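Each remark here refers to the structure printed beneath this line.
First chain written, first letter: the chains are A, B, C, D, E and F, and each begins at residue 1.
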Amino acid sequence: MRPSGRQPSDMRTVTFERKVSMKAEGSCLVTFGNTKVLCTASVETSVPGWLRGKGQGWVTAEYGMLPRATGSRNRREATAGKQTGRTQEIQRLIGRSLRAVVDLAALGEAQITLDCDVLEADGGTRTAAISGAYVALVDAVAWMEERKLTKGKVLKDSIAAVSCGIYRGTPVLDLDYLEDVEAETDANFVMTGSGKFVEIQGTAEGAPFDRSELEALMGLAEKGITELSAQQRAVLGQ
Amino acid sequence: MRPSGRQPSDMRTVTFERKVSMKAEGSCLVTFGNTKVLCTASVETSVPGWLRGKGQGWVTAEYGMLPRATGSRNRREATAGKQTGRTQEIQRLIGRSLRAVVDLAALGEAQITLDCDVLEADGGTRTAAISGAYVALVDAVAWMEERKLTKGKVLKDSIAAVSCGIYRGTPVLDLDYLEDVEAETDANFVMTGSGKFVEIQGTAEGAPFDRSELEALMGLAEKGITELSAQQRAVLGQ
Amino acid sequence: MRPSGRQPSDMRTVTFERKVSMKAEGSCLVTFGNTKVLCTASVETSVPGWLRGKGQGWVTAEYGMLPRATGSRNRREATAGKQTGRTQEIQRLIGRSLRAVVDLAALGEAQITLDCDVLEADGGTRTAAISGAYVALVDAVAWMEERKLTKGKVLKDSIAAVSCGIYRGTPVLDLDYLEDVEAETDANFVMTGSGKFVEIQGTAEGAPFDRSELEALMGLAEKGITELSAQQRAVLGQ
Amino acid sequence: MRPSGRQPSDMRTVTFERKVSMKAEGSCLVTFGNTKVLCTASVETSVPGWLRGKGQGWVTAEYGMLPRATGSRNRREATAGKQTGRTQEIQRLIGRSLRAVVDLAALGEAQITLDCDVLEADGGTRTAAISGAYVALVDAVAWMEERKLTKGKVLKDSIAAVSCGIYRGTPVLDLDYLEDVEAETDANFVMTGSGKFVEIQGTAEGAPFDRSELEALMGLAEKGITELSAQQRAVLGQ
Amino acid sequence: MRPSGRQPSDMRTVTFERKVSMKAEGSCLVTFGNTKVLCTASVETSVPGWLRGKGQGWVTAEYGMLPRATGSRNRREATAGKQTGRTQEIQRLIGRSLRAVVDLAALGEAQITLDCDVLEADGGTRTAAISGAYVALVDAVAWMEERKLTKGKVLKDSIAAVSCGIYRGTPVLDLDYLEDVEAETDANFVMTGSGKFVEIQGTAEGAPFDRSELEALMGLAEKGITELSAQQRAVLGQ
Amino acid sequence: MRPSGRQPSDMRTVTFERKVSMKAEGSCLVTFGNTKVLCTASVETSVPGWLRGKGQGWVTAEYGMLPRATGSRNRREATAGKQTGRTQEIQRLIGRSLRAVVDLAALGEAQITLDCDVLEADGGTRTAAISGAYVALVDAVAWMEERKLTKGKVLKDSIAAVSCGIYRGTPVLDLDYLEDVEAETDANFVMTGSGKFVEIQGTAEGAPFDRSELEALMGLAEKGITELSAQQRAVLGQ
């Protein structure tokens, strides 16, 4: 029934490749099927003005998409002179999600910026970005620890994200682009490795949904996140 | 326990005042406690370029906040030269929420713009905006119907929104500013008058939340939306 | 002869409502007929960079208009990414006008920002804004005095503004929108409570005007300002 | 008493040089003492969108100042990314002033843009710009007439502008920079060759002014404009 | 002598990988040593406004660099709100270079946009971008030919680019980052497969250079371009 | 053969006029035929942030063109809100060229900004700008030396620039606008008074060029620069 032939509760093939950037303190190339996102974590030993002198750090994210990551070319945001509302919404979500598992005091007065740049887009770019950015973040924190730049344990848990939706009446896990454009309901779940929710965003694209449908999506999300968390641990050698 | 002395499941005093604008086709001044939002609905008999010739209309929203709606003055976005990410996120949410109950084909080639400007902010500005914008929208649609500008029934349902959160460990309904800054979890629910979900946005500001906590919040939201929907019907004389 | 039935030397009904904002140090909702402007005065205990260390304060103004304050919706300036030339011209005028009655040294190193946001526009928004901003300013200065933040008497006089014009050959006071679009000459006068001029801006929209016409407008302006000043004193309990 | 040794009612030396631009349909290099402004008039055979199909033309102006026209270098507006409020205010004034003597219907569907670029600034740049732009405009209109692009007489009168002010208690004509920064009151007058007012902008920079002071300034302005108008006629060979 | 141990006339290892983008009509991942650039060619069947109706096409380029392509993180241009001067200069160079080998009339009314996004930067990003963009362009033209969208032979020659410089007194080929920052003279050469020059940009970063030094650089460039052209032919199966 | 009747190796008439600005520390009005550029040098006793505390100065340039410097009016960059890519490319070139002959350490912590504003454009504006800016720079450095603001000899050489091109098959010196639009190859050369190259930018506008053509252009450039350098020395009284 799904265009890809997957079962409703099947994730696409997911891969995480660490240390793909020669320069960044942490990096990860993550793929969810044909969606491919390059995540880098950059450590800077200063914090935004409003945090200065407070003895804590910050984690933030920026999101971008190459103009031809999609079926037809999108205008380059640097040329347009601003980020779209969609881009800002996504990068705010990535930043919030990662901060949920970071002890900012333990970072000291340092900032880690996660750049998530979509090389190919086939649905689920924000969930891939969160999942991959976490891997890059772990390596950046390790880099800081090696240099004794942290003050105690920085990471409180792991984090990953997945989308679910109601496609032709059936709840399905990890929507690809063809499913995404047609789904009646689309929901993104960000969860910790320990199985708690950090963010839920559900939107009725077609018909409004009811509580039982939402619960079905939550069940799928829990399954997907469990798999993603296991893969993250594996690639990180934990 | 709540700063305002409310019970966990109490809404603040909510008022809707219709036809407050001399010029707009529809308008509503909505208050949720000390939060006050002026909503106007403007009908234009043309649609954005990408919709032209498709025989359907559009509903969109813009959100703004007066610089001194808040405790300390915020920079005016028109002076800064751009809308913040937060503003864009909110106005996209308002637009999506209202479109969920509109039959765009029945609108014909017309656009309705909902401007939601916050005169005073004390938490819950986006939920007040959605709830008030619906009232303004109803009047704008009635204005169109009187002029025979529509093609059949435009509104499929009513829509309202409310926030819930976990404040000092207890799930509470309709957070005010003091609760909002301290809440561990903050969630916005947009629901139809018939009790279905159109949008759920839940964020762990402090500790991640679990399924039972989310369900408690949903229960509160359903209660709040029921009350708001009744008030909307009353003020609209339905 | 006037669309409103007023005599040439009649003002519209003018109201000033103080303390309308829960948060601002001073505020005033002013109406000139159907024109309605919300003015807030915000005190900040710092000054712009170029004034730092000079032992004096600053008073500045920003002006905005809600998109649907007018008969057809105007583009929101925050969306357009900049303030129009008209907006900048008006807010510079408001700021200059208020500074004319303020002893900046007596303010100490503090800044007061007057935000004048037009909720409904029916002609004369800039003159209403100046007149209302003065009331908000008085309350903000009182707020500072209560906290012993000033160095002596801040306000040297009161200030108010009114427009006059030549409408269908006759000099008239306080133009509303219908008169404004048709007036041959349009002039704005800003005057102190003691009857002196702070700013005169006269523009021939149609035919150039001569000295006797200008003098007729000045006479009307003096009458209007006298009335406005009396109302300001009354609402301020002076 | 004046820094330049001039009498209160003396203009600075004024020169108009026509046809200084190789390319523009009309041009004039105007000097008021050390203030030097290059004015070009460009004819385009199209009009702004909002005028299309109305059978009339438009006259508009843009104003700029070279970064080092002044004693210390100003930031280039093209680098800053926007025109200052002052620049916009001035170019709107220039445009309005010239339109006051133009029969827009006689222009046909054409637009004339007056570019006024300040090469050296020593006070009075906006009044020099208006006076010089008029000379450039006359030549551009003649250029159109030679090509039979006009529909009847385009120019209804001539236009010139001058500033006056109260300097150390004395009303003086045509302020230079040293006077301008110190003047208590500063007023710009735009008048037709036939002696009528098109625009008056008077501002109390120091103490508010009264009616008799304003009348003294008007008298000086009439004298200055009479001289400027005669010089314009002479240079134009009228 | 070179930091990399290369001989003065050695290129770094160069690779071209075709068809790396799932969506673009042509694409190439090019590496010059550690410099890695993703080039996509997007075909659009419309042309910029100024070319419409002229029966010819257009080729243009945009250049970007991921924020962490470099040793320390650069500000994202989309966040900054504009492209830097350097970025604009490079993308104009890429566009000009590719147009030099394209018969624009043979393209018909179509536009090909080359997006060159630097994933890793280690010197020579613009020369790698030109060389890789050519490969992507060839595939995009083939895509058009298959669909009979072209009017005759589009490509007149091949194109490649390389940098040379004087490093510690010795002319060297294909500077990497360490050489680039220290080079006295830095020159970029864009040449056709047939050995002619399309663009030369030589800059004395330290001491000015003389004709014999420039000729030495030209000789190296010819060697480098010959090798690059052969590799392009090989990867394209020509 | 040339539209102007010049021989292939003839420069246009070139003039340098010093001290044309009343305010700037150095200034030069330079003409290359009908191209006319006003260059001012402004000394500021501070440096950009990234140079602070390094005990050296900076030389930078900004380039602008009056809207009607050209045959048809160009949009004013200050109105457009940004400088074009062409403008940025040119001002970066001017800055680099002048820095090539300046000992930045000898400047101390001071910055000299060269503003090059094109009053009339007839080809070769960037080369005229560089040649004239050098003259303005010499006077600004002399101004600093008189005030003992420098630390030793600031200028290491003189600098001038000229364009050459292949016009209808013949290499020619100093292209005017008519030649420029038609030239197959266009090259700009920046050279020191001692005959060394600082910058070469050659572009094939039509057919690619070969080494012998480039050498012919270099020969012409050397002749032109020799003449310009002699004129610079003469006007500077060296």
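Everything that follows uses one rule, which is that contacts are C-beta pairs under 8 Å (C-beta built on N, C-alpha and C of every residue); 3 or more make two chains touch, one makes a residue touch a chain.
Remember, it's a predicted structure, so these values are computed and weren't measured experimentally.
Engineer: Using the touch definition from the top, what's the fewest steps needed to get from chain B to chain E?
Structural biologist: The fewest steps needed to get from chain B to chain E is 2.
Engineer: Over half of the residue-numbered contact pairs in common: that is the test. Which of C-D, D-F or B-C passes it against E-F?
Structural biologist: Answer for E-F: the repeating interface is C-D.
Engineer: By mean C-alpha coordinates, which chain is most distant from chain C?
Structural biologist: For chain C, the chain whose C-alpha mean is farthest off is E.
Engineer: How far is the middle of chain C from the middle of chain F, if each middle is the mean of its Cα atoms, in Å?
Structural biologist: Here chain C and chain F have centroids separated by 50 Å.
Engineer: Just curious, how far off is chain B from chain A if you go by their C-alpha centres, in Å?
Structural biologist: 28
Engineer: Need the CA-centroid distance for the pair chain A / chain D, whole Å please.
Structural biologist: Here the centre of chain D sits 59 Å away from the centre of chain A.
Engineer: If a residue has to touch 2 or more other chains to count, which residues of chain D qualify?
Structural biologist: 81-82
Engineer: What graph shape do the protein chains here make by touch: line, ring, star, complete or other?
Structural biologist: ring
Engineer: Head round the ring from chain C, going the chain D way, and note every chain as it comes up.
Structural biologist: Starting from chain C with chain D next, the chains run C, D, F, E, A, B.
Engineer: In the complex formed with chain A, which residues of chain B make contact?
Structural biologist: Spelled out, the residues of chain B in touch with chain A are 82, 85-86, 88-89, 91-92, 96, 100, 157, 187, 191-192, 194-204, 207-211, 214, 218.
Engineer: In their shared complex, at which residues does chain D touch chain F?
Structural biologist: Residues 21-24, 27, 34, 38, 40, 42, 44, 62, 64, 66-73, 76-83, 87, 113, 115, 117, 119-120, 122 of chain D touch chain F in their complex.
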